[in-house]
Amino acid sequence: MSRKIVVATLLLAVLFSLSACRQQAKGETIKIGFFGALSGDQAVWGQADRDGVILTVEQINAAGGILGKKVELVVYDDKGDQLEAVNVVKRLINEDKVVAIIGCNSSGRNIAVAPVAEAGKVPVISTFATNPRVTVPEPGKLMKYTFRVCFIDSYSGYVKAKFAWDDLGARRAAVLYEISSDYSVGVRDFFKQSWAELGGELVADEAFKSGDVDFRPQLTKIKEANPDVIIMPFLYKEVALATRQARDLGITATFLGGDGWPSSALLEMAADAVEGSYFVNHGDINAPNVQEWREQYKKRFNKDIEINSIMGHDAMIMLKAAIEKAGKAEPEAIRDALENLKGVEVFTGVINIDPATHNPVGKAASIIAIRNGQFQFYKQFEPMK
Amino acid sequence: MSGYFAGIVILTCVNLLAVLGLSLLTGFTGSFCFGQAGFMAVGAYVSTLLTMRLNAPFPLALVAGCFASLLVSIPLGYPTLRLKGDYFAIATLGFAEATRLVVENLEKITGGSRGIPSIPTRTSLPVILIVALFCVWLIRNYVSSRHGRNCIAVREDQLAAEAIAVNTFRYKQISFAINAALAGLSGGFLAHYVGFIQPSMFGIPKSTELIAMVIFGGMHSVTGAVLASIVLTALPEVLRVASAWRLVAYGALVVTIMVVRPEGLLGSWELSWSSLRELRSAWQRRFQTQS
Amino acid sequence: MILQQIVNGISIGAVYALIAVGYSLVYSVLNFSNFAHGDVLMLGAYIGFFSLMLLKVPFPLAIALAMVGAGIIAMIIEKIAYRPLRLRRAPLLYFMISAMGMSIFLQNFTIVTIGPNFRTYPDIFPVKPFAVGNLSIGRLDLVILIVTVIVLLLLTWLVYKTRIGIAIQAAAYNMRVASLMGINPDLIATLVFLLAGASAGIGGVLFGMKYTVYPWMGMLTIKAFVAAVVGGLGSLPGAVVGAFVLGITETFAAAYISSAFRDLFSYLLMTIIIVARPAGLMGTVAQEKA
């Protein structure tokens, strides 16, 4: 009998708590949602995203809020999983009734939640998703409620190609990419395209899947092809392993990477192997205009910023500008304001949204070099025409 | 019913379909399948490709996905079901991983690791609820029939079952096929509810979740599978705070149940008129003795 | 380049071999697949790592700690997750489920407590590889190869040349009759797990040095299983041979057919062996029907 009672109680508890998730009364605040990978292996970036937004919100509120109202931030963890991301965004829209959403750092998840935002008619600003399909899933189709504050993969692929051609003088390039990551595949596709347009020779195009730790077969083939530069558009963990193994095999080519690289862990794991490498980033955490905010961040959170913190900040500033332009904190109005947003100054540049693609135009990439075991700003690349 | 709550019910039904299959295959027939997510992936992708590329009507696509998954189980089961359980377990795991690999590599067709976005959301609450309940009824009947008893015989002692002319291999194949069909169905519904599929959705964590549900509810009880699907789908939604610990809890739960009470929560207890009558009389007796 | 790929294959094969040996030992004696074996390896890797980094002990001591630690953990796992089932004569299915559950528990527990970040061992051996002509042979790889052979020889000596070993063999042959002869099955089980755990411990350290330490290292168990099947379940040297075959096959498949399908080829290899030669390359045990 007791077993049945346990079961019944469990059922009741579940039903009760579900019904308890009902909406609370709307107060005099502007409710903004945030979702990101706060747990799992992308947690470092998700948390940096979130903390950047939190600090910016606190600073906005301290200065009087937006349109005279305080901003209330509702934060959810999507655990780095698409299904979960869809879930929490639905929750933000239907249960928490937010007027806008910021997040997240991954193209895969933003692509997943874009239709949810369309259906729920709440705008989403992505901080770090670079795949063009996030806002334009196929030519001619625009996700009306999705925006982003960062540049896209077609630009970053182009930058890698042009940088390798002009600055590194490379003519033979090899690519190693992660086939199970749409980010990696996207960057690789765009690099190949730009490289071909420049007249460069692609001597090797090797893939691995997530979870792999041994890249020797692919690297041996790459070595055989004798490239000048090896493009590695994937995350720092695999970069560390791949670069170490490459050096182990006697490869001397220069490594060139993307925004999956910046992390102190990369230096911890493979400082020697990545010495003399470069990567393309959205900004530079050592840029002068960021330092004051960086100090405030360190004081507030007891840790240093990552590039994501800056993107989180920029997204929030972009949203604030849109709300002020719209004159009211309502999803439709905010969306319209976002679509035509111009001249908003943020840490990583000036935001001018292209209404046809919802992407910021004219954002410049920063090339970061790894010298003496440290990240050093190398140069800023010209924006996309 | 709010959209959020309806979503939970739909997700529960999606899980329920897959868990039902596992309940039959692993619970009643005793073949440990650790690649359920792979079959869901087959169902999801086939049905999605049909609705999106060929504009097929949803029911047809669903059935096709279900059928495709079933077909896949046949060559997979043929060599592996004859051997010891470990081979089968690893083979199903390998199958799930292989499916993901194939999907990731056939970029042109399946969108590769990016997945397929903007799938028409055809899954509606009443439809999936009816289908789920229908499948529960089907499996219930299968299990309480002669076939079900044969499956249990296969699970308990294969040698003895063979001795009384039960074709153990055939029954395992059938259970495997039914399991694959149900999982394929589940995948099709999932794809057209979430509106988006990616290979990473069908990995080991998903298979783990489903196995944990079967174990939790009771491997020998269809009611248990239903109950476990409800509780273990809804609970993580509610317990958002401890979400990082969810898989830890599942692992510990599975081991604990195996060691302490392998029958799971409900053991072999099934919800039925007779069992309800039993409950009622037990309840009445309790009150009578007290007064 | 083919030669280099062979070297690559052998170097990863050596790692698989270390894992497969412990796995095979448990399988031959207790007759079930310990899916949690890889996670014991993972814990051994972490123990070695933290001994080196936090306790700052010299390297040989770190390895010893990892072996002892992993061995103890393996014994505890046996006691908690498998012994109750064995005493109850539970069906094979329950063992597998319990092992799977334990594996998931260990993996995720590590993720939430220690964290999912990759940990790098300091470079104990000089990083510069041996260059033999055009070939590049890592020093660490040679060490792993030597250690694997030593572990294999040690275990073989233990099992075939000592009294305890004979007891283990007897238990492997028929646990019940062996217990009638005065052999304590619980003791045997504990011992076997201790040995398997220790081999996993050193395997973990070496693997961690080669590929960094991370919570889901346990996924290697699958490779160990495949290696053991290919070589012949129940044969210790078979596990090692199978591991090398696997390593080379994988490497060549990854290099010349498709790097993304690398894992697929390991399953394919296993399927071929199951269908064509179920006893494995070196197995002598007759294949048990279902």
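In order of appearance the chains are A, B and C, and numbering begins at 1 in each one.
Going forward, a contact is a pair of C-beta atoms (placed from the backbone, for glycine too) under 8 Å apart; a residue touches a chain by one contact, two chains touch by 3 or more.
Computed from a prediction, not measured in an experiment: that's the story for all the values here.
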A-C compared against A-B, more contacting pairs: A-B
Farthest-lying chain, centroid of Cα atoms versus that of chain C: A
Whole-Å separation of chain centres (CA-atom averages), chain B against chain C: 31
Distance from the mean Cα position of chain C to that of chain A, given in whole angstrom: 38
Separation of chain A from chain B, taking each centre as the mean of its C-alpha atoms, in whole Å: 35
Shared interface positions of chain A, touching two or more other chains: 179, 209
For chain B, residues contacting two or more additional chains: 101, 104-105, 244
Overlap residues in chain C, where contacts from two or more other chains coincide: 258, 260, 263
Interface residues, chain B side, partner chain A - complex: 2-5, 7-8, 100-101, 104-105, 107, 112-115, 117-118, 121, 194-196, 198-201, 227, 230-231, 234-235, 237-238, 240, 243-244, 265-266, 279, 282-283, 286
Chain B - residues contacting chain C, complex: 26, 30-32, 34, 79-80, 82-87, 89-91, 93-95, 97-98, 101-102, 104-105, 155-156, 158, 168, 208, 211-212, 215, 244-245, 247-248, 250-255, 258-259, 262
Complex contacts: residues of chain C adjacent to chain A: 1, 4-5, 8, 11-12, 116-118, 120, 127, 129, 131, 136, 138, 211-212, 214, 216, 219, 250-252, 254-255, 258-260, 262-263
Chain C partner contacts - residues on chain A that touch it in the complex: 40-41, 43-44, 179, 206-209, 211-214, 216-218, 220-221, 224, 237, 240-241, 247-250, 265, 268-270, 272
Residue ranges of chain C touching chain B (in the complex, touch as defined): 32-33, 80-81, 84-85, 90-94, 96-98, 100-109, 111-112, 222, 225-226, 229, 258, 260-261, 263-264, 266-267, 270-271, 274-275, 278, 287-290
